[in-house]
Amino acid sequence: MKKKIGVYVCHCGGNISDHVDIEKVKAAVRDEADVYLVKNTLFACADSSQKEIGSDIENEHLDAIVVASCSPKLHLNTFRGVAQRAGLNPYNYVQVNIREQSSWAHSDNKTGATEKAILLVKAGIAKAKESEALQSLKIPAANVVAVIGAGVGGMKTAIGLADMGTEVYLIEKDFFVGGRTPQWGTVSPNGDEGAILTEKLYKEVVRRPNITLFTGAELVEKSGSIGNFDLKIALRPRFVSGNPSTEAMQRAAEACPVAVKDDFNFGLTNRRAFMLPAQGQFPQVPAIDQSACTRCGECTAACHEVDLTQEVQTITLHVGAFVVNTGFDPYQPAQGEYGYGELDNVITLPQFRRLMEMNESELVFNGKKIKKIAYIYCVGSRQDDDEGNTYCSRYCCTATSLTAVLAKKKFGNIINFHFNRGIRTYGKHELVYEAASKQGDIFLQFSLKSIPQIEKRGNKTYVKVKDILTAGKELETEADLIVLVTGMVPRKNELLAQQLKIPTGRDHFFNEIHMKLRPVETVIDGVLIAGTCQSPKNILETVNSSMAAAAKINSVLTKGELSLEPTLAKVNPAACDWCDNCSKACPFDAILQTEINGKKVARVNESNCKGCGMCTPVCPTDAIDLAGYTNAQVESMIDALAEA
Amino acid sequence: MTQIQPELTEDIKKYGAFDFTACYNCGNCTAVCNLTEKNSNFPRMMVRYSMLGLKEEILSSKELWMCYACGECSDTCPREAGPGVLMSNLRRYAIANYEKTGLTRLMFKNNPFFIAITLILAVVLAFFLLTIKPDTEVARWLFRYVPYEVLHSFGMGAFALMGLSAFVGVVVMWRHIGKEKKIAFTGEFFKKAVNAAKKVIGEVATLKRYQNCDSDSSIWSKKAVWLRPWFVHWTIMWGFIGLLVATTLDFIFKDPATTIWWPSRILGTIAGILMVYGSTVALNYRFRKITKTYANTLMADWMFLGFLWLAGITGFWLEIAVAMGADLFINHVVLMIHIIISMELVILFAFSKFAHAFYRPLALFMHNL
Amino acid sequence: MEAKQKTIDIIKQTRKAAPEAFEARKLYLKMRKAIAEALKDEPKTIPQVAEATNIPIGEATYYMMAMLKFGELSVNGIDDMDEYYFYELKKA
Amino acid sequence: MEIQQETCINESLYDVLVIGAGIAGEESALKLADMGYRVLLVEKEPSIGGKMILLSKVFPTLDCAACITTPKVSETARHPNITILTLTEVEEIVRDTKNRFSVTLKKKPRYVVEKDCTGCQECEKACPAIVNDQFQFNLTARKAVYIPFTIANPRVALIDIDNCLLCGACEKACPSNCIDFTQKEEQLKITAKSVIVSTGFKLFDPIQIERYGFGRYKNVITSMQMERQLAPTRPFNNILRPSDGKVPDKIAYVFCAGSRDHTVGNPICSQVCCMYSTKQAQLLMGALPMADVSLYYINIRAFGKGFDEFYEQAKDMGAKYVKGKIASITEKENGNLILRYEDIATGKVTEKEHDLVVLSVGILANPGITRVFKKERLETDALNYIRQTDLLQSPAITSIEGVFAAGTATAPMDIPDTIMSAGAAATETSSYLARLS
Amino acid sequence: MPKILVFSTEKISDPAIDLAGLLKKHYPYTVYTISVPCSSCIKPRWIMHAYEKGFDGVFIAADGSDCSYGESCSDRTAEVVATTHRLMKEKGLKPSQLKMAAICSVCAEPFVKHITSFMKDLSQKEN
């Protein structure tokens, strides 16, 4: 309880004093218990007034102050500063809003406004009486970030952070970094090559001493909170040590008798259990696919660097935060979806991009020369509610238009048919769509109610559509190849999801806290998301979000310590019976169970607590309170306001 | 079920429209056009047919002929796909397909061929005319080298040839559009036909729809009526018809090149003035490329307008020469040019842009049925 | 303080107000007077004010909305068709 | 005392100069300031917050724009590492020693002492001069002395001297004596180690498309004007059409007004119009339950997270989406408008009557800033946006070393993308500054 | 005149109430505001305390979907209201004495509308 409270009532020029009788207010509060002095001031925020308040605090040894003036939004921090400079804890300062909420709101009624102002000031005094000195909490934080996923986005986050002085662990599940980008071939109308892009980034990554790259690595355990996370990382064996020569690699791969579908080419080709890195994948060191390898040992003879005795290693790391950049998987069409898996000339867009890379000057698939290509859009995107993905995958319209342009440029005699649901080449991408139409590509539009039908007659394949652009006319064309334009789905990673507990949306992508205010943060403090694990994005957008995540987390960790708002929840262990209500109510995972003298009680993890107070009303024993909003404070304010 | 024929798009492009595949189907062109009606939508649907290569849809569309190429659609097309330009060129495409000898197709698609055939025809005509013995019986000096009788029968032949190929073209067009419109010759047909014919005649006489074309355009609505495209077109058209009638009268009465006060001569003079005025203004617009339509001038347009202009100018030259009795060598040369150009105009009538003169009224007629 | 009160006199020595600004002021006063006159007895909708004052309706809308913003008018219900609001003069 | 302050600024060396205090500028400035860099944020308008602070709600979450902007704005204004200069334009930027930019700024006089103004608006009441209110996009009027809009920051008055009658009434009325007509335009010289260009975009002026009659037909308004009408700080007492104050009940949206259109020199898609129109449609249907809202489009660009769902939701609420670009608008006697278009679904020319038409205007590059860079050229692309020299790997990098770009200065983008790009620019700038030292 | 206690939130609804004052949108002066971080932290016992001390109505100016603490805010606030309603029933208070509405940070006008109609309801019931 505070005993020496100073009260200052501001005229705000005439803004307050015109509609509120300041003298009456002063008179009414002067005799309140514990009020030591009451003063009025023309402008409380003016420099001279601030100095006066400061010297009052020092000379009169005030233990709390109340300023009745304008909205706290304007000057709360001003007067907190005054208090702090004069050696008073800023949380022993209370601002009472008698301008916006009294003199202005009731400028039609001076008596009423005055009466209200008096009660508001009294409530402020009551609050000040009950106020506690709060210290903003400082915890040491490691300026170290674990970046999960080393595609273009993850590598950009890592480089950005490293350049700003943050230590980075770049953790890639695969044996090679680069993610999806090297698989795409040409990625922009300017001719940028995905493989070259990742090569550049990889070189940047290895050049930086403060980035440590782990491949074949997975997060298996996580504990702690922002500033101080402890992680366990499992490193899968590569079974190759050192840097074998290209010839040795080739020989070993040829020697390997196990053939499996090559993921890099989306199953269009086979690879061996002895995996060679593709163009654009790094490091350019082979790895053995443990799940396929029969341990026959054929490769050991061809390549001396092979070491089949390697085992899983676990390492521990200490980091201040995470940036999750785990990317996407292309949507996998269902068996029979537009003939996929049934007709031999139906493939997906990612497969087609691989096919384009694999063919030199002539486009051939399954031994057949391809001239007419039918692209069917929105496969796995914008589906019916009950059927699957309702969202738009954002990149596909542009990617397909660009693919069509590139295919025609590379193979010449190609006719592209685009069966779409309205082309969404937003922004500058419109120019790609325009280029595709100008080269004579045929765009046909269908609705979800009447999707294109694929029909095989003899050895020819036909696509039939009710074309919206031709007033619903039924049209048909022959197609040599049917390319399903598949959307993006978040990359499956159950282990990670389990460990990090990032909430996902209905679309199964990770959810940010707020799309505009905090677009790269999740409700879990210190766990950030970037790139396509959050929502479909193109490379540019992935890079932007990855670097934005770097900026965000660096600005938090760079000082080496975190300063937490002191408005936090507090548990009274004596009253707590651990019913779990508060921990369920907390959206930030800030309430944990702990034991005090053998009794299970709740504990607030202060570094996670955001001070919303959601936990307080749900407590059946009133054992949890929010600092600054305790029962005593709020109820004494109510008492003051209730005075007749 | 209609088959898409993308190969056809390439063929259409050879008739002169290159950019139409840029179209993104917003429909601006159709709606900005003053001449589209509830049951006739162009140009977008024609662009669409062209992109998809739907040949039958193009050949059976009357909409093609309802456009007067004011160019508003091309000027406002957000993708600069030139829908109006495509309309003009699709008309060539249609003419080339209605005309069965294939000559038109060659002339439209192949400029050197077009020039060559024009020149060869001129040489043949000149040779033919010059190798014939001078006619001494006709007193008039003008026909000293080219006998009037020869001209007469030659002209008849040219007319017959033109008439025959025009007739074939008309029948082909009728069959295409008729199939689409399902026209049957029932009792009611004739009543409708009379009405339709009235409408067509009215339209041809006044170019009322064409006038609508210009009245809303941002460029033309600010210009005087006599400078607007519809009027220019009207002068050329009526100038030509007038001259055709005058020449026919001359044929019938076998007394050409007499006094200018002869009624058919008066008609010829007025018509000539109209035609020369019209073709001069039109050539001027095309030289200055004042709208996208005029900017897109093809060989056939230059030839056609140029011939009309030359025919008119040489006609007046001769008229003056006759009036002055100037029996000079140069005037004989001019007569030769005049005859050759007029003959070429008539002979190529059914094989050139000129053919729209009978296809368009027919399409309008069928539209009104 | 004293010196500050005259800053307007200082600027007046170097600059003149634009004639257009005076025109705009005059026009507003004229409009305001006419609108106030029309609303003297009863609340009216914008079309009613326009009719009563002969001000083109688009301008009446603009100036009445300005008066509303400046706190000279207030809204008083809407007509039976839910189309036009009634406006009245705010009592001083 | 004032002189001292000026020299203080004159001699200042900033780590970063951020040009333009819209959301991109604020975000970059905040991030860099949080990292400990000294930032100078320069804004040519009298208040910060850019275009976003003027919006009603934002798609696809429908949270109110002010609720999102104002915390960022006040955080920026309060940040000890950020200095804000409003009413200030950059005149010249020259690299002097190897890694320093010497910057000349021109600060226009506010004629109001910023620190003394309490925002009481007594001066506004006293002012007799009437001017079109540019912050309400000319739908209503303001005074010559005015606070830009209610949630402006700083919430301080300024005098529009060009329209001022020089009567002195404001000076008499001001209770805190903060009107000062003796203020002069100031030239400030500062030095900055790096520059972020976040100058945003320009709105397309639909007066260019004569067929739409904007400027001639009062009931043809821009989407920004509708945005203001929907915002809580709106110019009218409700959503009204400007010709006669009627509550509209048949509202049309004309998409791609100034976008995807070669004839106005802007062939690209503006990326935001489909969605903001969809948002406005939803808000309109909420505010005017009896109103019919039709949206005439070419393609719907509902591409971002939650966008397509938002578009479907608008359809479910009853918004009528019609595929077909509006070719022309004509006005009827009663102020209603006839829209002519080809209904693509049927292939028929159609005419529809509406009583209010909103043009979904596109956004254009705002390349004026390139002129202030001397000696080195800040390159632009074919569409006049600032050229991103390393588009895919480092989108914030420009043709000048140490000068970065954020937000819509480089391309059309929506708010989340802008925030991301601003964050990326902050990382890029911070990395650059770390390399310098 | 009935007395109303308003619970507003610091970031969202309090600015709206401030804005109402700024725009001089008048409402009865017997409306008092206590602002808290988030509407979901209001304890039912505080509300009950207010009734005990003589307040006639309590108005929760909730964050709604604008809450910066996440989506669960609306549901939590609704729970607070439900719990309080139960307590009110026990004490014989009318449920209509507690009102809640989401007030966005610039919703000055809706706030004034809500509060005046609430005031009207309360005074009618008293008569």
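We just call them A, B, C, D and E in the order they show up, numbering each chain from 1.
The rule is short, and it goes like this: a residue touches a chain if its C-beta (ideal position, glycine included) is under 8 Å from a C-beta of that chain, and two chains touch if they have at least 3 such contacts.
Chain-to-protein mapping (UniProt): E = Coenzyme F420-reducing hydrogenase, delta subunit.
No experiment lies behind these values; they were computed from the predicted model shown.
Looking at subunit B and subunit C, the chains that touch each of them are D.
Chains touching both subunit B and subunit E: A, D. Ranking D-E and A-D by contacting C-beta pairs places A-D first. Chain nearest the geometric middle of the protein is D, using mean C-alpha positions.
Averaged C-alpha coordinates put the centre of subunit B at 55 Å from the centre of subunit D. Separating the CA-averaged centres of subunit A and subunit B is a span of 67 Å.
In this assembly, the C-alpha centroid of subunit C lies 28 Å from the C-alpha centroid of subunit D.
Look at where the CA atoms of subunit A average out and do the same for subunit C: the two points lie 51 Å apart. For subunit A, the set of residues that touch two or more other chains comprises 73, 423, 434, 469-471, 514, 517. Taken residue by residue, subunit C touches two or more other chains at 71, whereas all remaining positions touch fewer. Multi-chain contact residues, meaning those touching two or more other chains, occur in subunit D at positions 61, 63, 71, 260, 267, 299, 344, 347. In this structure, the chains touch in the following pairs: A-B, A-D, A-E, B-D, C-D, D-E. Within the complex formed with subunit D, the subunit A residues making contact are 12-15, 43, 73, 77, 156, 160, 163-165, 187-188, 190, 192, 197, 200-201, 382, 390-392, 394, 397, 422-431, 434, 468-472, 505, 507, 509, 514-517, 519-520, 534-536, 539-541, 543-552, 554-556, 558-559. Residues 31-32, 34-36, 58, 61, 63, 68, 71-72, 74, 78, 118, 120, 175-176, 260, 267-271, 299-309, 312, 323, 344-347, 383, 391-396, 411-413, 415-417, 419-424, 426-428, 430-431, 434-435 of subunit D are the ones touching subunit A in the complex. The touching residues of subunit D, when paired with subunit C in their complex, are 125, 128-131, 139-144, 161-168, 171-172, 177, 179-182, 218, 235-238, 240, 242-247, 249, 290.
Of all residues in subunit D, those touching subunit B in their complex are 210-211, 256, 260-263, 267, 298-299, 324-328, 340-344, 347-350.
By the touch criterion stated above, subunit A contacts subunit B in their complex at residues 372, 415, 417, 423, 433-434, 437-443, 445, 464, 469-471, 473-477.
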